[in-house]
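Several structures are given next for inspection.
Two complexes come next, and they have one chain in common, subunit A, joined by subunit B in the first and subunit C in the second.
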Partner chain A sequence: MSSLLDALVTGLVYGGVYALLALGLTLQYGVARILNLAYGDFLIAAAVFATLLYQRYQVSPLVSLALVAPLSFLVHLLVYHLVFVQLERRSGSWRAMEASSILLAFGLSFVVSGAMLAVFGGKLFSYSYLLVPVRILGSVVPANRLLAFVLALVFGGLAYLLLVRTRIGTAIRAIAVDPDGAPLAGIDVRRWAGLTFAFGRVICAAGGVLISMFQTFNVPMGVAFTLKALVVVIMGGAGNAVGALLAGLILGVTESFVARYVSPGLTLAAVYALFVLAVLTMRTGILGKALR
Partner chain B sequence: MASLVRTIALPLLLALAALVPFANNDFYVALGVSIAMYAILATAWGTFAGPTKYISLATAAFFGVGAYTVGLFYEKVPMLLLYPLAALIAAVLAVFVGLTTLRIQGMYFTIFTFGLAELIRQLMTWYQRNVSGSVGVYILTDISARRIYWSLLVVLALTLFGSWLLSRSRWGLALLMIGEDELAARHSGVRTTAVKVITLAATSAVMAVVGAIVAPRWTYLDPSIAFNPTLSFMPAVIALLGGMQRFWGPLAGAIPLVILFDQLNARFPTSYTLILGLLFMVIVFVLPDGILGFLPKLQRRHAPAAPAPATAPSTGTLSAPVTPAAPARHASPGVDGTSGPAPVPTPNGATLLEVRGLRKAFGGIVAVDDLSFSIREGEVFGIIGPNGSGKTTVLNVISGVYEPDRGEILFLGRPIAAKAPEEIARLGIARTFQLVRVYPSLTCLDHVIPAALFGGHARTLTEARDHAVQILEELGMGGMLAIPAGQLNFIDQKRLELARALALRPKLLLLDEWLAGLNPSEMVIGMELIESLRGRGMTIVLIEHLMQAVRRLCDRCIVMSFGQKIAEGEPEAVLRDPEVVRVYLGEADDA
Partner chain C sequence: MLEIRELTVHYGLHEALHGVSLEVAPGEIVVVLGANGAGKSTLLKATMGMVRPTHGHVLLDGLDLTSLIRRRLTHQVVEQGLVLVPERGGTFTDLTVQENLTLGAFPRRARARERELLAFALELFPRLKERLHQRVGTMSGGEQRMVAVARALLSAPRFLLLDEPTLGLAPVLAKQLLRVLPKIAAEGIGVLLVEQNAHLSLSVAQRGAVLSNGHLVHAASATELRDDPMVRAAYLGSD
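After this line comes the complex of A and B, so read on.
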């Protein structure tokens, strides 16, 4: 009984972080129109950053979080303008741009993970931070997980409010709905798309730091994180924050149950099963988009 | 001449390559195996991704499946049976992936393939750990590196030949159209899902065969070797560098890149992935049009997005069509390619299309609400109404783009609601689009041929070609056969869409504001064209805003407002209806 509860609570903690990751990814794909296959690798980069700071200089991950956020914002604003905008200029059409941006992001993922592999190899990273037991609902949860979960929800909630309640958020959503129409309303699409791309990455980096607080990870795991974030986006419906939260929680709980009751080696299979279910049950919207 | 060089050069090159092992240098054989292997994988990858622009990132998955088929069964099953077995398993896997994700457009396919190799790697690891006891298998065979190399050369020759055949077949044409505009392809009668899934399965089977051939090279096989992400990555790099769909592309890309990577791997084993990624980014970046730029014989041009008079067509091309189209009306060789004397319009003929109680809502917006009407053979039926009244939705539901929420659509007495667009096109309902949907980089002829071919009536490419030429000539586009559609002016693009629709030999033609955006003189031509079709007995549904055109062309029409029918009858009578005047003409009658 208690192990059931444990699995549930663990699943919810992971699910909260997945939802946050999905929010960042959906922002990048929905607004900047870039399917960022390097997402998980950058996440690992942020996680490694936090781990090293903690291990070498005893810097709290919360401080790392504050460092990582502006840093990744700047880096990715640059990446967007130096790489993707140039690519768009060179591509003849949007369709060509889409295909090459996927390949470019795929290449980028090899560059990022390759750079880290060159330095760290497949080494496992972990550190013990806030390893204090907390009792919730009769289940014992380490405080670090609880903190990660709460922070994930807070960040996600703040990002959501930013999107829904502010003028900037309105502009961003306008671009997501109609990138051709948005300039007619005086919105500088490229500028905001770039800022959104970078902002999506801040969310990703925050997710990476949160994950480093409670999970052992290594460089090759980036692919799996990209995939999970993508699946959550698809399950929740692109651009749907509430859907992303729900889908994240479902994914997290499913994974945790499969790991505990079936086999830890089959978690990715569980992710794929959810993916297939989501795609098969999805009927509307897709063709409508094609008609645009 | 070039093709002669090509036909001689390839066998010659392969024959030369086959001699490599006699140099008695293991290094060259090993390098040859890598080059041949990657050249095949790149060809297979490019055969699907090149024309369709669906990017698969799962080469490693299919390759690994092939390698593992050998690893797990080589002791029990003869080697020669293992190759078809590997191909079969990969094809089944590809069909599953395809049916899950290729039915729908968008990113789902790429995302699914992105993690596929990792998924299978984990499954295989799990299987070996829990079922067979140890991760990894020894493959101890007496198959020499030479034999592997020669086998690969044979497969390479077959793959190149197959891909060459494909690019010249109707199948290849269908793949190209899918990449250009999938929905328009479906309305030309292309069964897009089947074409995509089968092509993916076939190319994946080739990848698996390569894996099966190469597997004995390793002696020891574990999941991280067989499903190495680099195997997904390299073919894409090679195909991009060499030029997809170019005959020599995969070889031209594979030789330098494999040699380069071999050196890199030897000298910088740790930063290998990093360098590979950087190089790949540079290649993607330096190729201005991405993979599109590599499509042979196609010149990319921007489609003129600006609707219309703004595109200021030269009067020369403008007046040209009148002459051929107008006499055609009297001489009547049928613009739809059917010959025979023009039947007198029979607006009182049998019912061709019947719509009953149709409803379609998008979320809370009811676009079409309880709409019923029927269309008789030979009549021109108008659907008019203010913007947003649901006209185009009706047309989209009839042509299969949307599934109705409620109601029936009977075509020739058979229900067609919720059938796929390509099935409806094949039954004989053709359409044009409100905003033209042409494939900018395909020539006019290439637009029309597939419709003739996939519409089901032309049996051979030659027959379809003749038919397409005939239709284009009758529409006054005989001089534009080889011009990419992106270079046409607006009316010619509209005419091209009409030609594509007519090539299906439709029984019913749906024109969605076909006259909109034309300038006054173009309009005259357009209306004459529609009249000439009508004179030949074609049944036409006309969605139109121009009252002038409705009065002149339509036998009957309905008026829609907020998704509902508010009037029906002959145009003159309908347009005098006070309700119609209130919702519509009172605001916008410029006729």
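After this line comes the complex of A and C, so read on.
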């Protein structure tokens, strides 16, 4: 009984972080029309950054979070305008860019992970932060995981409120559903798509720092994170924030149960299985609705 | 004053609009009549910078918007006070009425007068008041046109451009919708309307023009156009 509960709580903690990751990816895809296959590699970059700061200078990952967020925002605003906007100009249209941006992001993934591999190799990163046991629902959870879970939900919740409750968030959703009609409402699509792309990256970097707090990782794992975020986006329905939360939790719990009761080596296989199932059975995600 | 001067548009080698000039004064309703493919939509889209004109200028109260239009910066044209309700469009169908109206006031110039304009739009279309939380995509065609016009008004336009607003509407609804235009014009907003429904649109407009194969062939007062045998034959049927 207690091991069942352990698996559930662990699964929910991972699931909360996956949901956050998916929210960033779905924003980038839905609004900027860029399917960002380099997502997991930038996530690892943020995780490595937090780990090194902690190991060398004893900087708390919460401080790293505050540093990495504005940094990745600025960097990716530049990446959007210097790389993707140029690509859009060459593609001739917003829609043609969607296809070429996948290849560009795929290439970017190799550049980022390749650069990190050259410096760090396949070495495993981990650090002990807040490694104190907390009892919750009769199960023992390390405080770092709990903190990561809570922060993931807080960030995800804030991003959601921003999208649903503010005029700018509404404009961003309008771009997602009708990029051609948005300029008639006075919305500068390129400007807001760029800012949303950068904002998606802030979420990605925050997810990286949160993951570094409780999980051992190495550079080649970036692809797995991209894949997991993609699975959650597709299961939850592209552009659907609440769907992403549900799908993230489902993915986390599935992984945790497979690891505990089947084999830890099969967790990624379980992710693939869920992915195939989602693609085959659902057209619009578990909630069957677009971003609302 | 909205001044369209010698506007020419090419789609590839095809000339869709040939040197069209037109003026609309504040508070005036002007209708451009024409058959399908005459260049009516192109005229409005080029004025908004949604398609790039090959020649010509657009001036808004003396301010030359041509460079914005040639760079297709439609959102900045809206920011200057021109707004278009496109054919069958002009709403975000996945969003609610309320969200659509909020986005109408997205341009900075519209923010200060948002409350006042919202009250005005809901007074024109009281039906929207009960539907604020409904998704626009689930509403009837006539209601969607109301949302589109209301959204356009929220952007505090100096000139409102309408592309066949009555298309696909039942006659009663079409009449209801066009009856609203004089009230909008009474607020000092100039209205440029393109329509196939000549009878109805000439009854609300002060002036009209006929567009044929991309050429502006005839411009006169609405009364004159109504009595013109050519217009009667082409657009008003036999009655």
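The rule is simple: the second predicted complex is superposed on the first by the 277 of 292 C-alpha atoms of A that agree within 3 Å, B and C clash if a C-alpha of one lies under 4 Å from a C-alpha of the other, contacts with A are read in each partner's own complex, and residues count from 1 in each chain.
Going forward, a contact is a pair of C-beta atoms (placed from the backbone, for glycine too) under 8 Å apart; a residue touches a chain by one contact, two chains touch by 3 or more.
Predicted, not measured: the structure shown is a model, and the values here were computed from it.
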- Look at the residues of subunit A and decide whether subunit B or subunit C touches more of them. B
- Message: One more residue to check, A:R167. First (subunit B), second (subunit C), both or neither?
- Response: second
- Task: Check whether A:I187 is in contact with subunit B, with subunit C, with both or with neither, and answer first, second, both or neither.
- Result: second
- Check the residue A:V177 against both partner chains and state whether it touches subunit B (first), subunit C (second), both, or neither. second
- Name the contact category of A:L137: first (subunit B only), second (subunit C only), both, or neither. neither
- Query: What is the contact status of A:G265 with respect to subunit B (first) and subunit C (second): first, second, both, or neither?
  - Reply: first
- Doubly contacted subunit A residues - partners subunit C and subunit B: 290-291
- In the complex, go through subunit A and note every residue touching subunit C. 167, 170-171, 173-174, 177-178, 181-189, 290-292
- Message: Looking at the complex, which residues from subunit C come into contact with subunit A?
- Response: 48, 50, 74-76, 78-79, 83-84, 86, 89-95, 99, 102-107, 110, 151, 155
- Task: Show which residues of subunit B lie in contact with subunit A when the two form their complex.
- Result: 53, 55, 57, 100-101, 104-108, 110-112, 114-115, 118-119, 122-123, 125-126, 129-130, 179, 182-183, 229, 233, 236, 240, 270-278, 280-281, 284-285, 287-293, 300, 302, 362, 396, 401-402, 440
- Note on the structure: subunit A residues touching subunit B in their complex are 29, 35, 37, 83, 86-87, 90-93, 95-100, 102-104, 106-115, 117-118, 121, 223-224, 226-227, 230-231, 234, 263, 265-266, 268-269, 271-272, 275-276, 279-280, 282, 286-291
